[in-house]
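Every chain is named by a letter (A, B and C) in the order it is written, and numbering of its residues begins at 1.
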Amino acid sequence: MSRAFSLMLLFARISVQNFAAYRADFFLRGIMSLVQLAAELIVVDTIFHNTETLAGWRLPHMLVLVGVYRMVAGGIRIYIVPNMRRVLEDIREGTLDFVLLKPVNSQLLVSIREFVFWRMTDLIYGGTAAAIGASMLAQDIGVKQIATFVFMLAAGFAIIYSVWLALATVGFWFIRVQNIEMVFWNVFEAGRFPVMIYPYWVQWSLTFLVPLAFITTFPAGTLLADPATGVPAAAPYYAAGIAVVSVLLSSWFWRFGLKHYSGASA
Amino acid sequence: MAQIEVEHLGKTFKVPEREAGLVASIGSLFRRRYRDVRAVDDINFTVDAGEIVGFLGPNGAGKTTTLKMLSGLLHPTAGEARVLGHTPWKREADYLRRISMLMGQRSQLQWDLPAIDSFYMHGAVYDIPKADYQQTLDELVELLAIGPVLKKQVRTLSLGERMKCEICASLLHRPAVLFLDEPTIGVDVEMQARIRSFIGQYNRNHGATIILTSHYMADVTALCKRIIVIDQGQLLFDGSLAALSQKMAPFKVIKIDLDLKCDDYPFAEIGEVISCDDRKVELKVPKAEAAAATAKLLTDLSVLDLTIEDPPIEDVIKQVFGGRTQRDDAEATETAGASA
Amino acid sequence: MSHLLRAFPAFLRVSIQAMLQYRGEILLWCMWGIVNPTVLYVMWSAATRGAPDGKIAGLDQNGFAVYYFFLLIVGHLTAAWDVYNMSYLVRKGQLSPLLLRPILPMWESLSSNLAYKITTLMFAAPMWLIFILITQPSFQTEWWQVGLGTIALLLGAALNYMLCYTVALVAFWTTKLDAVGEIYFGLGMLLGGRMAPVDALPPYLQIASELLPFKWMFAFPVEVLAGMRDDVNSVTRGLLIQAVWVVLVVMVFRMGWHLAVKRYSAVSG
């Protein structure tokens, strides 16, 4: 475990070191991530230009949701997507062999090789937007609420990681899946809005089948602790359960995919 | 002591089949047919510690598949293998720590980072103690003369420089067994020679066991005392280079310089005419008939000069893979002889 | 021209076969064009419930169902992605072999564009039907609107394709094309009537939408097909504006391509 952590730190450190080489890109990228936030705020503005409430969520609520959405999207872009993109590339080019030759757990190694440092801006922008939204509601937000919120974000991150690991594993069968990422972002986009806008059966699916609700809506809801948002009080317990199950399932699927890759299942 | 033992090793792939054309490709959307391809078929050999063995064979012969099974990347569909006492495809960390595989056509270095960063990560992943790491790195950097390029982004390196860095990375953990798949592919002749001599040196200094595949005969003739020839998944030959010439090419090349031009002389009745250029003629003659043929040529013609040589190893190999309809070892030899 | 007529069908054939080769991928691509409009439809129909008279920009829940149904179709058939492809081609040096051919590389890209639209149709069309089955919209489109709307759709597709390819030429000058691509798609989303019907946009976005070509790619064909434009004159005027945009972009492309190739041959040798 400590070995895993030290490897993780090492890869991150090297990425940060090399970040200096791309300084020129930093400003462009910082601006791009600000533009993305602006686009999301414009969407919120457009909605509330036309209506007062969206399934019980009002403007400040939506600001928190947009902030959470941006933070989670940032987290995904910092760690998950770049690593999984590289796995897919490695599978396609045959360089995954080099990972398998290493005397380290392959799932660990493929999950920590990339670290997109500059995407931290998303965390800052998103955090700011969420904080502004929360303060507009002018109610006390206690330590317990913030702790639950952080826990929910972490659980959401674990769930997303599992989903991505499973998607990357699909690459063992369908080699040319570079567009999997586009599909992911499109599904993820459904998380920009509270799941309460969807018909009941879609809500149910987004909670338990594709647990998108746990990634954005529920964390935002736990921070707000406002019954108007319709987020169940038991959400953290569900989140913990689903996170554990999805991490275990995806890890099993990865090992299954590896067996297929090396021809052990044939 | 045998470090690599391979018994009845086999690998069969299922390959989807599809006919050309639009209708067929729509059809393949819904149901695919598969064909079994035997990439490796019942191969046996052992390699002792410190040996360098060359794998020869045409593209698709099964060389890379065999190496991948030995390095644990592929599960065989038949047979057994033990390397350093481990079953490779169990992929135990203890095993992986002691081997290395270099694939000339693929890069294990991080494209966007300087090579030194990739090395550093490699050191961490293999859990090499700091002092050992530094010592090995210094040694390899010096031997390979890559000091000046260590801090350059890998993407900016020339193919030769990159290949040397790849070699450095795969040796950092001082593997006892080394699988080299086309280590000199694409680099220029001078660089090939340098890489070759480095591999030889590493083998001598560290007693590492090496299996090498290459398209370049020069790599094999320079490094390997022992050759294994694989074709269509089967082992055709296992022995020394000299024996390979002996066994696979039981013919000689007779070169003659003539006094006069003899266009109407029936050279073809004596042996296969390789070239007939003005007054210089080259004939390929079965070894057993070489003496008789020489005598006949000397009596019939006015010969200025005559030499009898072994054919170049490249030709031998070509000959072997040309006569690939016969699979059996002995038969293959026979074919090589008969067509000469 | 006759050369092109011979080459293009061949390109198209090969592109279609290449697309068909990868069944899993086709499904994924297809989902891509379906999820986004569907999510936005759901969001807007939820928003109508919170609006005072149950209507937003003159559309009730049914109106949004009709609007986003046609947006599904228009979005699929007008898709273009060269702004992402081009930087890859330039960076990997894959453009050189294409430039050696006696035919504009754009034709090959266009053939794979069409191949994508044709091959994915057999997955997309059932999705459109499912959308109708679930949302149960009642259509008010008249036949002349179907006719002119189809023309508007073709012009919209041509406009998006040409502009996307033209913007992609930026790849010859900078490697930062991804950012350009994101802005291009983002503008199409916000101003092209995809995120919201143009009439529902706040005033500052409406002005931008009037000035830029994006609403003529997506929003206009959708509005005609959805029967939201009753006036024949306004529709024909719209078609004319579309045509003017297409011509304008083609002219810019011709100049841009010339410069780009010159630049490419100067830089990469």
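Keep this in mind: a contact is a pair of C-beta atoms (placed from the backbone, for glycine too) under 8 Å apart; a residue touches a chain by one contact, two chains touch by 3 or more.
Given the structure is predicted, the values throughout are model-derived calculations rather than measurements.
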| item | value |
| --- | --- |
| Contact-richer chain pair [A-C vs A-B] | A-C |
| Central chain (distance from its CA mean to the mean of all protein CA atoms) | A |
| Where chain B and chain C are represented by their mean Cα positions, the distance between them in whole Å | 52 |
| Approximate Å spacing (C-alpha centroids) for the pair chain A, chain C | 28 |
| Gap in Å, rounded to a whole number, between the CA centres of chain B and chain A | 47 |
| Residues of chain A touching chain C in the complex | 25, 28-29, 32, 35-36, 39, 42-43, 45-47, 49-55, 170, 173-174, 176-177, 179-180, 182-183, 186-187, 189-190, 192-193, 196-199, 202 |
| Touching residues (chain side chain B, partner chain A) in the complex | 11, 13-14, 68, 71-75, 77, 89, 91, 93-97, 99-101, 103, 106-108, 112-113, 117, 120-121, 124-127, 153 |
| Residue ranges of chain C touching chain A (in the complex, touch as defined) | 22, 24-25, 28-29, 31-32, 35-36, 39, 42-43, 46-51, 56-57, 176, 179, 182-183, 186, 189-190, 195-196, 200-202, 205 |
| Chain B-facing residues of chain A, complex | 3, 6-7, 10-11, 14, 17-18, 21, 93-95, 97-98, 100-104, 109, 259, 262-264, 266 |
